[in-house]
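Two complexes, one shared chain (chain A), two partners (chain B, chain C).
Up next is the complex of A and B:
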């Protein structure tokens, strides 16, 4: 799949950080949607399911891990990459247990982020193909 | 003890904020680098800009390391079921004591140790004991 067709949702309450990250992704041909809290993330996923959601763990209001749990119940195909601080690796590990595809620590390396997005989309596509094959049997 | 836990909680929250600030600086510098890469030929001061951005990236790394060690200290007074990792405690202590040690013309270097060495003490107690051994915190007493 071409990066132009990737549906990416970025979720972080740090406006400057996440909008700058979005701008850098746009320069690389990826056009993400950006929301700034957990509530808006749930609404955005309900409106249009993304392939990958990049989700900050520590946000005011609904916390990242709760958003992850709810998304995995309603939209299990959405692959979630968690963003954690260096002191919050426990949240990253807990997130993996709850179904996150992976977690990354801030500050990010943009190339690594894009590689992880690519792997997440690849994983989702393979899982969908396997499920389809299973249905056909 | 309650004082230490309160200070730890405040410090942990502050280090999280610091990490967000550093992450924003890093992304902004990265964006400048991206834009510079697109317009390099027409920009007379490209090399000077690149050099400046490299310094920003290095200082962000330095800040992240300090913030990580400070965050470790913030959680050090907490009880942990698995106890404390001696190497991690030593790394945080050495990292945060370098400047003080340098003032006394002592260079602190952490040699790779046996990984996974744990103790039932809290991390703050391990740091205090190591600090006492190396004379880094003479006024601190371990309960």
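Up next is the complex of A and C:
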């Protein structure tokens, strides 16, 4: 899949960070949607399911891990990459347990982020193909 | 970093000093004294009471055992005296009754009677017949006393009054101590006459000698005026005044204790004679009769003193052991409390570090993205003036962000024992840096720290913060082991073997060293030789870190020579790293 076709949702309460990140991704041919809290993220997913959601763990209102849990219940195909500013693996591991595809620590390396998005989309595609094959059988 | 050193290496020493302050030696000294005093009192008061009671009971028993025989002896001797005097006076009475005045006035007949008396009874010296006027009309004996008149003498008055009389010892006409037995007889026609016999006082001495007294004992007769009737070893000669007052009158033998004129404590046994003017006395020094008691008392005293010494020794040993146990227990409790407190502090530091990391990481992320965007934009632009210069500045910002990221992660690494974070690093730099952390203390104690880092030492892939902890721990241990003025040497060199390339770091000291027994347990958790000053976790953690980093650690030590710790680390990662 071409990067232009990737449906990416960025969720973080740090406006400066997330909008700049979105701009950088756009420069690389990826057109993400940006929301700034957990509630908006749930609404955005309900409106249009993204391939990958980049989700900050620590946000005001609904926390990142709760958003993840709810998304995985309603939209299990959405691949979630968790962002943590703690410098700790604890939240990342907890997120993986809840179904996150991977986690990354701030500050990000954008190339690594894009690699992980690619892997997530590839994983999602393969999983969907496998599911279809199973249904066909 | 000095604070960091303290956090890693010194806090347990600090905790111990706090514990030492809390477990004050004065408190234990006071407690020790109290326990010993209590134990001594509990043991010695009954022992002392028993000893005192035993002393008085034994003394009383001994006194009774001594007094009774003495009383019996005096009674027996008094009976002997009374028998002697009664026999003599009865003999004289019999003769006075059996013979008439005329017969007794016959010189030959009186001589014959006297010779029979002397043969049958010891002690008669002479025999005389005295008329009612007191004139001795007939006399048989060794003195020339015929014709002597006794009308003025006391005994004559006494016998006229009582009919029979036994005198006490007196000098009389013969100027020699003697005793007389006189009997008055009345004829049918109303005339009275007196038959008088003289007794030898040596018989008294013989009776007293038959008492078989010890050399320091004494027995004698006195009259009721206190004049000696027989000689005494210590209290006067015959007819001298007794040197102490007469005891209260009693006809039954009595015993009393007194201090005699010689200053001795004595038992005085005595008895008054009902029929004669005599008092029989026997004196025994208390010291001689209680000699056996004094021996027993010496033995008892020795047993008492030995018992006290044993009780004291046992009380001190038991108390010392008890106090030691209490002290150790209290130290452990205090140390545990301090460790909990320390853990709580570390936990607080960890939470603080996590908060700081989060607060810094978010702005860093923004800087990172902004700089990244700038770099992206510049990259998309064509050549323009100062392009390279601006790009270089942006790169610099990105490197700085990466550096800050490393710092926040290392903060968490120290405080929260984060995951192993592998990076390519210069081990020589870490060793030098860690040795530098201790330079202040080493300089203060004049400990020489020598570093020998091979310039060809390869860079290795390992965890900087974990290795910092390892080398800080090793240097701290070495510094604790060496005396002031000692030396610590650290060498780092490249190695290569079957498992590939790596580095070897040797930390050697000339400190007190360790025994073989200690070496067997040196890497076990909670094993320590610092007697309460360490947790016994330092080398255990070091061992765990080195193993996690794929390395090996070995130790050699000799008591009094020093200790050498050798660490080998792989140049790259091994399976253990995964």
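By our rule, the second predicted complex is superposed on the first by the 134 of 137 C-alpha atoms of A that agree within 3 Å, B and C clash if a C-alpha of one lies under 4 Å from a C-alpha of the other, contacts with A are read in each partner's own complex, and residues count from 1 in each chain.
In the analysis below, contacts are C-beta pairs under 8 Å (C-beta built on N, C-alpha and C of every residue); 3 or more make two chains touch, one makes a residue touch a chain.
All figures in this text were calculated on a predicted structure; none of them were measured in a lab.
S.K.: Check the residue A:94 against both partner chains and state whether it touches chain B (first), chain C (second), both, or neither.
M.R.: It touches nothing on chain B or chain C.
S.K.: Pick one for A:37: touches chain B only (first), chain C only (second), both, or neither.
M.R.: neither
S.K.: Please work out whether A:110 is in contact with chain B alone, chain C alone, both, or neither, and reply first, second, both or neither.
M.R.: Touch partners of A:110: chain B and chain C.
S.K.: Does chain B (first) or chain C (second) touch A:16, or do both, or does neither?
M.R.: Once the two structures are laid over each other on A, A:16 reaches both partners.
S.K.: Could you list which residues of chain A make contact with chain B in one structure and with chain C in the other?
M.R.: Residues 14, 16-17, 20-21, 23-24, 27, 58, 85-88, 106-108, 110 of chain A touch both chain B and chain C.
S.K.: Chain A touches which residues of chain B in the complex?
M.R.: For this pair, the touching residues of chain B are 12, 15-16, 19-20, 22-24, 26-28, 30-31, 34-35, 38, 60, 64, 67-68, 71-72, 74-75.
S.K.: Would you mind writing out the residues of chain A in touch with chain C in their complex?
M.R.: Where chain A meets chain C, its residues are 14, 16-17, 20-21, 23-24, 27-28, 58, 85-89, 105-108, 110.
S.K.: Chain B touches which residues of chain A in the complex?
M.R.: Interface residues on the chain A side: 14, 16-17, 20-21, 23-24, 27, 58, 85-88, 106-108, 110.
S.K.: Which residues of chain C touch chain A in their complex?
M.R.: Within the complex, chain C contacts chain A at residues 354, 357-358, 361-362, 364-370, 372-373, 376-377, 380, 401-402, 405, 408-409, 412, 416, 418-419.
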